[in-house]
Amino acid sequence: MRHFLNTNDLSRAEIDALLADAAALKQSPINDSLKNKAVALVFFNSSLRTRSSFEIGTFQMGGHAVVLQPGKDAWGVAFEPKAVMDGEEEEHVAEMVRVLSRYVDVIGVRAFPKFKDWSVDREDRVLKAFAQYAGKPVINMETITHPCQELAHALALKERLGNLQNKKYVLTWTYHPKPLNTAVANSALLIATRLGFDVTLLCPTPEYLLDSRYMELGAANAAESGGSLKVSHDPTEAYTGAHVVYAKSWGAIPYFGRWEQEKPIRDAHKHFMVDEAKMALTDNGLFGHCLPMRRNIKATDGVVDSPNSIIIDEAENRLHVQKAVMRWLTGAR
Amino acid sequence: MRHFLNTNDLSRAEIDALLADAAALKQSPINDSLKNKAVALVFFNSSLRTRSSFEIGTFQMGGHAVVLQPGKDAWGVAFEPKAVMDGEEEEHVAEMVRVLSRYVDVIGVRAFPKFKDWSVDREDRVLKAFAQYAGKPVINMETITHPCQELAHALALKERLGNLQNKKYVLTWTYHPKPLNTAVANSALLIATRLGFDVTLLCPTPEYLLDSRYMELGAANAAESGGSLKVSHDPTEAYTGAHVVYAKSWGAIPYFGRWEQEKPIRDAHKHFMVDEAKMALTDNGLFGHCLPMRRNIKATDGVVDSPNSIIIDEAENRLHVQKAVMRWLTGAR
Amino acid sequence: MRHFLNTNDLSRAEIDALLADAAALKQSPINDSLKNKAVALVFFNSSLRTRSSFEIGTFQMGGHAVVLQPGKDAWGVAFEPKAVMDGEEEEHVAEMVRVLSRYVDVIGVRAFPKFKDWSVDREDRVLKAFAQYAGKPVINMETITHPCQELAHALALKERLGNLQNKKYVLTWTYHPKPLNTAVANSALLIATRLGFDVTLLCPTPEYLLDSRYMELGAANAAESGGSLKVSHDPTEAYTGAHVVYAKSWGAIPYFGRWEQEKPIRDAHKHFMVDEAKMALTDNGLFGHCLPMRRNIKATDGVVDSPNSIIIDEAENRLHVQKAVMRWLTGAR
């Protein structure tokens, strides 16, 4: 039994096969791959596209998805082994996941970091607990990485660019009024290096570098794929000649749990917003961003609504890639 | 591509065709009109019947409905063009609706007024934004009008009365402890005048007249249908000889945003409650009210539970008319 | 038309037939018993397993379940007859249930006690109101009893023990930081006495006895089934020779509405937790508990994770027994 927790758990051939199947599903969306099968979608955090696309994708393949929101319309859940459960949580993940495994064929889980202590968040305990206790395949619907977004992004890039090898890819930090999860940034780094891009990570200061785990995995991926990975703090240098600009805001790891101290640095870099002037430096570059996205904070309307914007295509592709993942995990294909 | 935003956007022939199809669906509810199709139901406000009836109606025609509640279990949404999104909203309606249009075949939206400033609420911006950005048909599930309720009401009246032309229809304001949306009242006015009724709008004072847009549309509808529209502040006059009494509470538009000043007027008119004495003045009149409805505040138990009460039939008809609307919009019929 | 409100409304033959059908559905889960049918699941309280298992069970038999959460994403509901609805509730159960009966074929309802006044809670008014107004079969998804849990528990016991007659069954109170519903305890008493067990109700003091209605029904059930019912306050005596230990926490009825006074008694009996030492006194006894369950508060990890633990089997069986109930109620079998 396989899970879909992180793209680095898959071989390049497996990733390519999933992308090929997703492209086929985009052309021909209806099939019986999940006929009479059930999927549990467990959301510890809000969702619009993830929920819709999993729920509809399951339906289009003959199955049914149940949406569960623990602590909201289901019980609060404890995750620690050997927990003495005298607090707010009524249920342990061990029971929750074992029971769901009796009811369903696939379990998706979304669990964002708590943003208090990165040394805790980086352990990705909720996802690991699900994988540990599940008798059925588990899909990461965003924790500290977002592998479904990675595949959707990869498919959108292939659709527009064809061959991706050694094209210039800029992953740029942007301002956001709140510190955000690094998951999509980690994931962009992982998939872009995997696909052979020459990747530039553009961020305000070295404090905004991603966790060393992902920096190192990105470097290793690039070495294997024939791409490259470098860091820049200079927007002009980074944008020049880029084929892809992927924007995302994230919180600086050294400031986890004391965000007031990070705020002035963030506030001083509002000019990292993606705008027409910066995009003019690119080589007819594509603009990407996962959704949701704040307009005129992360990117100007002009950039978001330009023909080079792939944000809607990428979001659509969530549907197709997730269907490919589900039928791969359940052995239907 | 057509939307279903307001009944006045449809010809009388189109309305009659929808009602005829709804009646047919009531007899024969199962079909493949939405086979493999998906529907997004976006609720910015609570729902019981709307949600149930759309979800079940979609299922009965072979499709699947996804229920989304932005700001609750999905992201908060910004609606203004050119918004600089540095507030609470994480997502712009442009992206939300464009992406949903990639996933689904029909989009329903419920967005009640904010009750602060009627000059803003009357623009119906959320509904218009959905229609503007959607690549798929949009259905109004209640904003400042409630056209699905109109069709359900019309079908219930036809079932009981047959020919509606120049029957006497009273739309009566009733007390409610809170100021409420005018949507159902606007809609009752629109559909009753459309169908050829002689309509009396009964309300405590001229301050409770509906927005001039709907008063004027009602008058124009009546002129075209051979019906009539007049206003009364006298329950006895209004009820006498009525064939239909449709009750609804709504807030007085001149008091929008300063409801404390309206409260004494509202409180002074609790006697507008529909009761047996008033109904005795009618010509064996039917009693209608959309749901939810507060018993013994809007109408007495005796009226609500009488054989002339059509509230449950009308609520049932939501299922049938909405199925007719969905298969009309998707070209399945 | 029958409802499924309490197992004592069913004959022993009917219970046995449901359990037999559930066992068959466990072997062969897919069928058309609810083809094109709809189910409403009305939750006034949180749920994970109940919701998932009903929703998936309905799907596996060709139907569709709608989940409604009044007061959360639907309207607040009033239950009293002749209510003058000038408070928070927007809707009366009469309308809610009558309308749902037009949309669906089965209605499930979960409504926990309010924990203020047991003389009110014990009337089970919400459930009775649903049954009173419903034009379709109603299923109790837990109110002051939990009959679906009873059947799931019974099936799990039959799977492990085969013949249940005069096996020793201990229903033990356990500590919990909050006073809890007596529903599952009431239900365990009802079903264990029904099935012919020799039942011991183990609780800290006589104040923790269950409501006299259930004590008396339990005694009557035991008299009819050839089992027995006795009370113990001594864990050693109770556990010795037991074939089944079923654990549950519940609030002491004499303290309803003044829980601060009960707290010291509860706190003084934390040692009622099910642990390995107590289980060693049993005759290779099975351990059961409905979910959710607090680990190391209700039972130690060692007990919960032992091969004699049937908690996951029992939770799985919810799916199978509820499908059997639904197709019995709808006449599909």
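All chains are identified by letter, namely A, B and C, in their written order; residue positions are counted from 1 within each chain.
One rule holds for everything that comes next: contacts are C-beta pairs under 8 Å (C-beta built on N, C-alpha and C of every residue); 3 or more make two chains touch, one makes a residue touch a chain.
Chain-to-protein mapping (UniProt): A, B, C = N-acetylornithine carbamoyltransferase.
Please read these numbers as outputs of a predicted model, since none were measured by experiment.
**Q** Which chains are in contact with both subunit A and subunit B?
**A** C
**Q** Please state the rotation angle, between 0 and 180 degrees and to the nearest 5, that superposes the Cα atoms of subunit B on subunit C.
**A** It is a rotation of 120 degrees, to the nearest 5.
**Q** If I list every residue number at the interface of subunit A and subunit C, are over half of them used by both copies, so same, or under half, so different?
**A** The interface is built from different residue numbers on each side, given that under half of them are used by both copies.
**Q** Quick one: report the Å distance separating subunit A from subunit C, using the average Cα coordinate of each chain.
**A** Chain centres of subunit A and subunit C, defined by C-alpha means, are spaced 40 Å apart.
**Q** Can you check the complex and tell me which residues of subunit A touch subunit B?
**A** My answer: residues 29-30, 43, 46-49, 51-53, 55-56, 59-60, 69, 72, 177, 291-297, 301, 311-312, 315-316, 319.
**Q** Subunit B touches which residues of subunit C in the complex?
**A** 36, 38, 40, 64, 66, 68, 70, 73-75, 78, 82-86, 89-92, 94-96, 98-100, 102-104
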